[in-house]
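There are structures below to look over.
Next come two complexes built around chain A: one with chain B, the other with chain C.
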Partner chain A sequence: MPSDGEDIAVAQISSRRLILRSYWIVVLFALPLWWSTTSIERLSLPATRVRSQQNRQLRLPIEIALDSCPSHAALVPQILSEFTSWTNSHNDRWGHLDVHLVNNSDTSPYLGTASRYNVKLGCCRSTCANGHPEITLSDRNMQLGIPKEGIRASYVVRTLEDLLIPPVPSVQAQFSPRYRLAFSLLNEDAAVGGAASAWAIEDAIDGYLTPTLTELSIVHNFTIETVTGPRTAADSEWKGYELDQDELKTFINSAEWTLASSVNNDIVLHFILFVPTHSGVRWTRSSTNAFIIPQWGGVVIYNPPDSRISHPFAIFRSQLHSLLGVPSVPPNITVKTDSVLSAWQLDALLRRRGVENTKGTIEALNSIMKLVDRISNMPVRADVRGDVLGALDALDDVHTHRLSPASLLSRSSEALTLSSRAFFNPGMLAMLYFPVEHKYAIRAWRQERRKKSGGDTKRDSGEEVSKDD
Partner chain B sequence: MVCRAGSVAFLIWCIIPLATAIISSFGGASPHEAIESFFTNSSSEGRGHTNNWAVLVCASRYWFNYRHMANALGMYRSVKRLGIPDSNIILMLADDAACNPRNKFPATVYANPGRLLDLYGENIEVDYRGYEVTVENFIRVLTGRVEASVPRSKRLLSDERSNILVYMTGHGGNEFLKFQDNEEISAFDIADAFEQMYHEIFFMIDTCQANTLYSKLYSPNILATGSSDLGENSYSYENDDEIGVSVIDSYTHFVLEYLEGINKTSQATMQDFFDLYDPSIIKSTAGVRSDLFTTRSAAQTLITDFFGGVAQVEVLEEEAMAGLGVDEENRVHTEGVTILPDSSQPARSPSHSRDYRSSRKEGLCYFLATRSVHLDLVHLTPGLVVGSTLAPSLGCFCTTPAKATWSWFHPATATPFERCYDNHLKR
Partner chain C sequence: MLVLTILALQLAVAFAAGENDSEQFSENLRLRPLQDGRLSSTFEFVTILRTRTTVESESAFHEQAQHYTLFPLALGQLLRRYAVSELHLTLNSGKWNYESWGDPDYPSVASGAEMWAWIAAGGGESVDQRWKGLTNGLSGLLCASMGSLDKKRTTSPSIAFRPEGDLPSGKSHQLLYATLPSENVCTENLTPFIKMLPCKAKSGIAMLLNPHRLFDADWHGMGVHVRWLAQEGIELRLTFGAVLNPVRLSLNAMSRDWSFRSVFDRTISRPCPIATSSSIYVKLPYADPYSLTPDISRTAPEGVAIYDLRDRLEELDVKMRWRDPVFHFRPIENKQPLSVRRLLLGGQTRADLSIQLMNKENVTRQVLWLETMPWFIYFYLHTLTATIDGNRMGKAPPHSLTRIASYAPPTDHKPTLLECIVTIPPLSTVQLTVAVEKASIAYTEHPPDASRGWDLPPAVIQPLDHHGPRRIYTSTLLGDLPTPDFSMPYNVIIMTCTLVALFFGSIFNILTRSFIWVEVEGDDDAQDLVKQKTE
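Right, the complex of A and B next:
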């Protein structure tokens, strides 16, 4: 029992001081812990490397060897000079290609002989009618039969341009390393008799599509799914037998039809074979009775029995080519090849997709940098940084090494995948709530309110007030 | 001495980059721009959209906010009716009004006091429901930064040619919108969420002080509209006595009534819609923000560009197919599709074989259809198109190499195809 009040006071004071000091020591040690747990992880991204990508010029090497039969030997220098002047004046189209046009195919190749294009100018055979040259493609060779009247050098240059830089189909779908092709058989009204219930689709795919899909497998991976069944697809708004442009635009009554596969996030290209009812035919204003919906897929309207229109799967194949951006050969050129596509077309497709992917990668990387700069409380984690560095390495590869078109495509596709994975990384989300503007604005707003109306203290929370009519 | 030389050298070292920068800016296009212009010629600027998406959000929960869920479901129904498929609609409902224990009419949601139209129906797909409707999920959907495990139906898979309709309803205030009664999204967060994977966005909000919610947008090609101005409330439209709560909001009721008059092929423009805004009907001042919508004006934009699922189609011609490796042997083909034999229909005779587009040797017969007063003339011969004339009836124009004949038939008297064919080609 303490009898001396002073002893107790001293003991209490010292223990009190100890307690207070220990509180402050804990707060002091906790400060770094608090700082580290509330700071946003923002690793540094290689900004200068990303910026420098803007100024890099992509140069894809192409070598063309020109050869001619002796009677047209004078044409070769004309073609060479015309080609040089044309490519120089059209730098916007030819700028990304580094074309070596050499005179004789005997000279040692700049690239390998396998990837060199050979153009042989020869005299036209007797089959050359009405002054048009006869052009034949086989593998990477082009035989140009010159008619008696001769040809101009500019004609050869234009032909080469059409083959090396073909125009982009406007319906081309977005690039994806994997596509799902969904084939559906739809009846307009299965309740009425005559509906199609089955189709020999495996044979059709084997016969028409498998060769071209195998050839395009270096560009994309394809998965095919098919749906069939007596599903009804009647649209009461169709006015007549012929579908005009408006009706074609709203043809895919997708609200009622379930077409999209929801298995994964691949891009799906839909191909629909539409069978109208027995009593009414439907057709469009084209000779093929088919139309393409850009980036989405194609529709063929099958009015049986119609022997003059091509097999629907041949139409599907050409629609697939358009959707994938496969360049078409100009009409005056014949292709002699075992495969579906000539090497010229495939190379042009690989090059074009490679250049588009490179451009897409640079855009995605720039967007990442802009986003990170603009939103100050956005975290940048290690996986994002890793993907950005990987994309930059792949871009470096594309620019510095002389890649063949196939490896150009695979590296650029890798770069695009990595950069979009970095951009769409779920962690790249700004920390929400109380942005800086609101933090300060709330204080200013409150002060302003207090100044304006001293009496009304009710906070305006925007509650809706219902009114009876 | 050394100092002066050093300072001069330093100055030169500073000036050279500046000089080269100035010189290069006067020079030709940089290599990157060369590629840019090559692709810009065939890029999406100047071309329309090719697909439509809709993100419809009801952000408030509890039974007395029945009208917000009815708002979102009403928009969902209109948008589906105009052609946007479920796979392209993300519907977020923060609470379940249809299966609420207080709902006297279970499994239904009505938007008008007479309970005339059930919005819930049997064919709706709610992607985010209940507690999944959070600010974070909403922003994740808009920015595309969802977790890898999120299924396809819950993702906004838009691309550079998608038009997106974003509709939000709930309780809101000055630059914020309340989610689930415990958090809020600010106008800045919404502005940051609209990034780049779109062609055009139409942003529509129905809350109190809705116009403030689009005031902070900065991304290009966004058209925005809200139901009420700063300091104003948005009001509900009507109560239903049996259900016991308000069933629809004024502004959304106005919008849905307007959309009922629109069908898929309507040519009504957004400006027509905005011109109909009337504060006395809507009971608040609805506003429009179009300064970011620069590539075209609201008067050039159709309602169906945002609310409908209208696609731009391209027709493939046979001549075009020739360049893609299709050879002649594939032309004549009829097998591949099995037709169910149907005994109820009369056996078709060979003359009904519908060979209207027969080969050039036999002649070509084209069916002319009328739409009100215009006569649409199809290709007479491939590549040759004759202009249209005005004629109010159905007709058939048949041509053989020897002659061209023109016949008119009244649709009531004969089936045009068979008459044409019989009269002109079946000789």
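Right, the complex of A and C next:
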């Protein structure tokens, strides 16, 4: 049956071809599946938009209308020219403001009343006979009474600078839309007789803090929690009556003291009234026996019958102002207002926080871009991309629209929240990242070891040979 | 005006060891010598917070200022934030020996972590979300793994764990119960526990909380019990129990004499001035002669010596000496009216769960048997059989000893819950047996020490006739599950061998062999051959 044999051979060859072909077809079709299941989702981030943010200069519009009584009309042009030269030479401080200094208050507001300040130069009444100018603030108006001796144009410019761009307190806490204020009463040792056991704190908060907190509610929300029981500050290391600068750093042992609850992640500002066992403890550098721990809170040391402290809460309020960065009004200026803070202070705070948040957002976005660029297998998912885009949109609003200070803050805080949420997105930490150097180092070390162990065995065998000899 | 307010709000810091109206703290220590030479000690720190409601919505939580004086702030905030009206959390280590130690001072003696809470529903947040927040908050507060009490471990029994206090009216509440039998209690849990006490461990009874001795005890456990009482307010009980072993601590002397110095290695040198009451109760033995120093300030009628710490200025070291210097172990007198034993018999997939209930009194008793098991254990309820003293009972009502009150099958990775009401005739032993199946679980669901097995939660026996102990816990079980071999080289070898065998084998076969039709014609020899072969 020769024909059968041929058939078999033909069938075998064609089926072999079929098998080999289908083998490669399977491999070919499996490739995209393999690719899609093993690749990391890495959406593109708007790199150019983020990069362009760095060169953007925030220009917050402000309009100041200068007006003067006829006798001081000559001062106005001097102030205008002095102002221009001063702001140009101090660009680092004035850079984020776009100030329109207008000569006449009668001109209708160009920017809207929220960013318009009126400065009225007037003659002094009887009160400023001692040669000092008399400055009164009410709402967004400033009344400047000029004494007979006259004042210099630079004085007006410096005063405006102090009010519009007050210096930043070094203890200012990081911005957060919500703070928790934790008030604690701590005894050095509650077991010893005469320890403070109670504190009429609700009245004190109502009387001293509530007005301030209500006014600051456009900047931050506050939650208050207090612990005023007779608690012992367990194992405080410090012994003695006079505290110096070094001891202040270790004064608060927050690992030992439970001062605030940990029910959420809001930033906590702590305020502590510390009652020592033996009265007479003083901090050498302060007349009020109080100090601020930067970004953390304030401490008042209370020696029981103490005439020097009017009320711990008056100190706590000023400590709170410093921690929140609320600008203080220079002492020579009187504020005529029903509220605790003048519009000038509040605006300056809103602007400063807005500028800080904008800077923070840009930094966070740049860090994300850098990180994603450097680590090539870091996943970037849709939520991260959405947050980055949202932050960029909010930043665009801050830069392009002429926002009022309050809406500037709300938009910039939104941008900051989104950008930090993108930065701390847990999805980006889905894998372990080892730098290339690290991998090379391990490979090199292994090769070295292999070589070494190879050498060792050779040497060992050589020794054996010599022994055998 | 400002001056006026300052005058009105004069410095109002009160200096006194006085009592606060809204919050009160008291502490006590109960000591009880046991018949096997051990010493049971229970520390109890009670804080009462008056005129507070517990239930809050999330927005109200942020708006209202919170003022606490003695109540631990961190715990108070958690209870308020998650609308918890009643909470019981215990972390125990060891097995409570009911036979020789009697009833515990606090009934929650389950090994490992046990937590149950009554949480208010409503207010824009589900009870499950609140439970999740609460467990996570408590694990942060107490440095324990309460965070893993997720919905895989949480059940809602319908009869067991009724509220011990009151529940605020007008809100519907839900009970959630979870156990973590493999959790251990150690120093890292005691440190935050002490931080919650107003006097810390600096004065008062808490001075005796010495971790070196407490965690060396034969049984130890801490508890956080919160309940709401309509008349009193929120009551927080922080408890620490330890069954110490003076015989072991006396080394070779074999003496069961004990003192604070010998068992806690500490004494109480000063009272906690904040506590409104601070007492030590020592249960006096009735059979053996003993002496107790210092002199007892007061004796309660039921044979309990009471030391009041508040009027005591000198150091206190309570000592108990027995006349017989050497302790002789005697057979244990078991006075428990009801004892329970539970067993899991069988292999890796099929097993029998059997529980034995012994009634030693001449009355018929009704008890609730609560069984919670992880999601991979199924009960075959139709196989539930009951025997009395070895005689099998029918399932028809006159013979039926059991009534299933509630049963939640393990669906969607939720645990199995079985609540069964059992009637135990007088002076008899009831044995209940049910067949269970242990399912295979995904390899990611196995614990890191997979071959050791799963710790299965204890069963809870709760007498329904309010006579005797409130709850009895059985010991935990170790469930042996079919586990894959998790070693990596083994898996790699298996995987590659399978691939080679399947692909290389079959393709090599097809390529080298040829399959053809062989036509067999009318050849007799050949047909015979085929026939022979088929035959």
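Simple rule for what comes next: the second predicted complex is superposed on the first by the 382 of 469 C-alpha atoms of A that agree within 3 Å, B and C clash if a C-alpha of one lies under 4 Å from a C-alpha of the other, contacts with A are read in each partner's own complex, and residues count from 1 in each chain.
The definition used in the following text is that a residue touches a chain if its C-beta (ideal position, glycine included) is under 8 Å from a C-beta of that chain, and two chains touch if they have at least 3 such contacts.
What you see is a predicted model, and the numbers here were worked out from it, not measured in a lab.
Residue contacts after overlaying the shared chain place A:Val263 against chain B and chain C alike. By the touch criterion defined above, A:Glu149 lies against neither chain B nor chain C after alignment on the C-alpha atoms of chain A. With both complexes superposed, B is the one of chain B and chain C in contact with more chain A residues.
With both structures placed on the common chain, the touch criterion links A:Tyr302 to chain B and to chain C. Legend: residue contacts after superposition of the two complexes on their common chain; A:Thr223 is shown touching chain C, with no touch to chain B.
In the superposition on chain A, contact of A:Gln319 is made with chain B only, not with chain C. Shared-chain residue A:Ile205: touches chain C; no touch with chain B.
In the superposition on chain A, A:Asp373 makes contact with neither chain B nor chain C.
Legend: residue contacts after superposition of the two complexes on their common chain; A:Ser15 is shown touching chain C, with no touch to chain B. Of the two partner chains placed by superposition, only chain B is touched by A:His96; chain C is not. Touching of chain A by both chain B and chain C, each in its own complex, is seen for residues 185, 193-200, 203-204, 258, 260, 262-264, 273, 275, 302, 304, 309-314.
Interface residues of chain A facing chain B in the complex, by the touch rule stated above, are 54-58, 91-93, 95-96, 167-168, 170-171, 174, 185, 193-200, 203-204, 237, 239-242, 244-255, 257-260, 262-265, 273, 275, 278, 281, 284-288, 290-296, 298, 302-315, 317-319, 321-322, 326, 328-331, 335, 340-341, 355-356, 359, 362, 367, 371, 374-375, 424-430, 432-433, 435, 437-438, 460-469. Residues 29-32, 34-39, 42, 47, 50-51, 80-81, 83-88, 135-136, 139-140, 143-148, 151-153, 155, 157, 159, 161, 171-175, 178, 183, 185-186, 188-189, 192, 195-196, 207-209, 233-236, 238-239, 246, 249, 263-265, 283, 308-326, 330-340, 342, 344-345, 353-355, 357-359, 367, 369, 371, 376, 378-379, 382, 417 of chain B are the ones touching chain A in the complex.
Within the complex formed with chain A, the chain C residues making contact are 5-6, 8-18, 20, 23, 61-63, 65-74, 76-78, 81, 137, 140-141, 195-196, 198-200, 202-203, 270-274, 507, 510-511, 514, 516. Of all the residues in chain A, the ones that touch chain C in their complex are 4, 7-8, 11-12, 15-16, 19, 23, 178, 182, 185, 189-191, 193-205, 207-208, 221, 223-232, 234, 256, 258, 260-264, 273, 275, 302, 304, 309-314.
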